[in-house]
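Read through the structures below before going on.
In what comes next, subunit A is part of two complexes: it sits with subunit B in the first one and with subunit C in the second one.
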Partner chain A sequence: MRLEMGHIYIKDIQFAAESKIEDGILYVSEEAVKAVALEDEKIKSVSFDIAKPGESVRITPVKDVIEPRVKVEGRGGIFPGVIAKVDTVGEGKTYALKGMAVVTAGKIVGFQEGIIDMTGPGADYTPFSKTLNLVMVCEPVDGIKPHDYEKAVRFAGFRVAVYLGELARELTPDETKVYETCTIKEGMEKYPDLPRVAYVQMLQSQGLLHDTYVYGVDAKKIVPTILSPTEVMDGAIVSGNCVSACDKNPTYVHLNNPVVHDMFEQHGKTINFVCQIITNENVYLADKQRSSDWTAKLCKMLDLDGVIVSQEGFGNPDTDLIMNCKKIEAEGVKTVIITDEYAGRDGKSQSLADSDPAADAVVTGGNANQVIILPKLDKVIGTLDYVTKIAGASEETLREDGSLEVELQVLTGATNETGFNKLSAR
Partner chain B sequence: MKKNYMIITNNPLVPRKLNDEYTVAYMDISYEDVLKEVRNRIHEGHRLLSHPLSGSVKPNETPYKSVMITERREAVDEESLMIIENAIQACRKFVFKSDKYKPEVYEDFQIIDWTLLESAVASADAW
Partner chain C sequence: MVKEVERAGIPVVHICTVTPISMTVGANRIVPAIAIPHPLGNPALDKDEEKEIRRKIVEKALDALTTEVDGQTIFD
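Right after this comes the complex of A and B.
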């Protein structure tokens, strides 16, 4: 599959009478985006705001972060099975609005995720302090069930992102990158001397606010399968989860998965990037066994030499991670696993809830229990009412001077397990 | 017909959601004590069916936990034992704050715990 990614750099976002992109400035008609969000009758009202890097702004509770894209050539459309009709994506030409994001926020449950600070120490930990953010706060109709509200906000974010992406359809990209994968046979013939490496991506799939969707299918209900890594660039995988925001993959991360991008960088040079294998992280132990068995089987059938495995979340998924690692290694395929750590506030506790000698190559996204003080910022988009109830926070979180004492868990993307974060030992 | 598994829980929503086909052992105890209760039953020969650390709301943050185990007693299952011991260990690295939320939040914690269990019930009932 060959996908041309056209990057259109957005330098500023402004509200205006008409939505358009001109000279790198995204003009947004508030009326138009409101109408797009309110297409779902479960949303009573929506407010839009703009947050720019460096501003004294805190966005919370964040549900998802989405990069606007548009499919200009090739099969299907962005977010297949969700917004666009079901069709296999990942080939042709796609444009992305770089440097900006649509951020959805809204109170779905009383303990809510996550925080994006646009300045201060918190901004150093979340990758979304560096993007121009169009934030939409959605209020549901009265008496709505959490399931329905979650779904309504999830879809509203995608609709708005697709609406903005469409504005770029006729533009000329500032930069174009080409991503091309081979078929199994082509790859073997073209790169006979390079190690055959795949990316195993584990998807969060446990329940309300803990779900992920693949071509619109609830990832709990999939068995492990193979994707061309270009498919994810067209939105084949979308996020429905945000609890413990530090190590959950917002849709933005699926679209821009750094493991996929880094493996493409090395494709044909040091490795033959064979494919992406996706699997889930269910609650039921027999599901874990089936999924890890199948993942290892696929690795063997594809004659892989190595895989990179990324986890999403903590605790329950630690078991899937170690099962995958152990079984794939047992098939003679080398593994590198990417995780994060819950090592206690002092960093002295065991980092993972499971381990095995086969997991001897591990990359960490950081310690999610690490404590951080977030100073009071001038403006809050969303509400601070829920800050006391997010993972890693409590009623004692909000201090007298207005600052917050929290664990890194609360910051969207702080310890991301695809490496889409700012923590580094460098 | 009775299901061939049982649910150990401290979430009052669970017995309200499941009819009498299901065996629910509801106890008004702490999150950690639910895990310890499960450990006791594993020592008696029950096997774990759902992961005790399900969900991203961490131990000691949510007060609620529901775990599914087999109804039948067999030889002690080593893997179940290892998972439950690790889960009890993991509990202790989180600062206890399950009692520090406003009252309305507890209902949401109950809903989340229920949806996590519900996904295990869906898988178990597919057999």
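Right after this comes the complex of A and C.
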């Protein structure tokens, strides 16, 4: 599959009477985006705000972060099976608005939402302090159930992102990159001497608002399968997660998965990037066994030499990670696993819930329990009402001077397990 | 906790969903549970059915407790 990605750099976002992109400035009609968000009757009201890097702004509780994109050539549309009709994506031409994001926030969906600080020490730890953020705060109708609210906010974010992406349809990209993978046979003929490497991506699928969707299918209902790595660039995988903010993959990360991009960088040079294998992290042991069996089976059938495995979340998915690692290694396929750590505030506890000698090549996204003080900022988009309740906070979080004592866990993307952030350890 | 209690000379049955973790931490008698969010029940069942599976798990655990084991054992 061959996908041409056109990058349109956004230098500023401003509210205006008419939505358009001109000279790298995204003008947003507040009225128009509100109408797009309110298409769902489960959302009572929505307010939009703009947060720019360096501003004294705290966004919380953050649900998802999304990059606007538009499909200009080829099959399907952005977010197939979710916003666009089901069709196989990942070929043709797609434009992305770079340097900006749509951030969905709201009262609270689960108790595991995040914080994005646009300045100060918190900004150093969240990758989304560097993007121009169009933040939408959604209020649900009264009496709504949490899972309906989650779905309404999730879809509203995608609709707004697609609306903004459409503004770029007729533009000329500032930069174009081409991503191309071979079929199995082509790859063997073209790169006979290069190691055959795939990316095994574990998707958060524990249920109870810890969910990911693949072409609109709830990932806990999939069995492991293979994708062309360009499919995710068109939104084949989206987040429906209300799980610890630091190491869940917002939709933005799925669209811009660094493992996919780095492997493409090496494709044809040091490796033959064969495909992306997706699997899940379910809460039944039989599911964990079946999924890790199948992942290892696919690695074997594809005659791989090595894989990179990325985890999402922590706790019992540590077992899925280790089961994948052990079983894939047992097939004679080398593994490198990417995870993060919950090693306690002093860093002295066991980092993962499970381990095995086969996991001898590990990359970490950092210790999520590390404590950080976030100073009081001038403006809050959303509400601080739940700031003592989110995972990584406590009753003592809010201090007298208005600063917050929290674990890195609260910061969206802080210990991301695809390498989307800069934190790691040696 | 499983290991410390056994160290004190009292046999322990670990009822847990993710038996591989129980194996890693070194439990000797392991009884599989239902699922991580609901280890000892299943909200999808009606109350009578649920009571039955709960009783089965407890009985299996009691049997395991009185069974001699030679190394780590999962009582499926």
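The rule is short, and it goes like this: the second predicted complex is superposed on the first by the 418 of 426 C-alpha atoms of A that agree within 3 Å, B and C clash if a C-alpha of one lies under 4 Å from a C-alpha of the other, contacts with A are read in each partner's own complex, and residues count from 1 in each chain.
Convention: contacts are C-beta pairs under 8 Å (C-beta built on N, C-alpha and C of every residue); 3 or more make two chains touch, one makes a residue touch a chain.
Just so we're clear, the structure is a prediction, and the values are computed from it rather than from any experiment.
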{"item": "Clash or fit (per the criteria above) of subunit B with subunit C on subunit A", "value": "clash"}
{"item": "Partner chain(s) touched by A:Ala343 [first = subunit B, second = subunit C, both, neither]", "value": "first"}
{"item": "Which superposed partner A:Lys248 touches (first subunit B, second subunit C, both, neither)", "value": "first"}
{"item": "Touching partner for A:Thr415 - first (subunit B), second (subunit C), both, neither", "value": "neither"}
{"item": "Contacts of A:Thr131 with subunit B and subunit C, given as first, second, both or neither", "value": "neither"}
{"item": "Residues of subunit A touched, compared between subunit B and subunit C (which is higher)", "value": "B"}
{"item": "Partner chain(s) touched by A:Leu285 [first = subunit B, second = subunit C, both, neither]", "value": "both"}
{"item": "Which of subunit B and subunit C A:Thr119 touches, first, second, both or neither", "value": "neither"}
{"item": "A:Gln370 touches, of subunit B and subunit C: first, second, both or neither?", "value": "neither"}
{"item": "Which superposed partner A:Met323 touches (first subunit B, second subunit C, both, neither)", "value": "second"}
{"item": "Subunit A positions touched by subunit B in one structure and by subunit C in the second", "value": "206-208, 283-285, 288, 316, 318-319, 353-354"}
{"item": "Subunit A residues touching subunit C - in the complex, by the definition given at the top", "value": "206-208, 283-285, 288, 316, 318-319, 322-323, 353-356"}
{"item": "Touching residues (chain side subunit A, partner subunit B) in the complex", "value": "109-111, 146-147, 204-210, 220, 241, 243-244, 248, 282-288, 313-316, 318-319, 342-345, 349-350, 353-354, 369, 388-389, 391-392, 394-396, 409"}
{"item": "Residues of subunit B that touch subunit A when the two form their complex", "value": "48-51, 53-59, 61-62, 68, 83, 86-87, 89-90, 92-95, 97, 100-102, 104-105, 107-109, 111-112, 115-120, 122-124"}
{"item": "Touch list for subunit C against partner subunit A, complex", "value": "17-21, 24, 32, 34-37"}
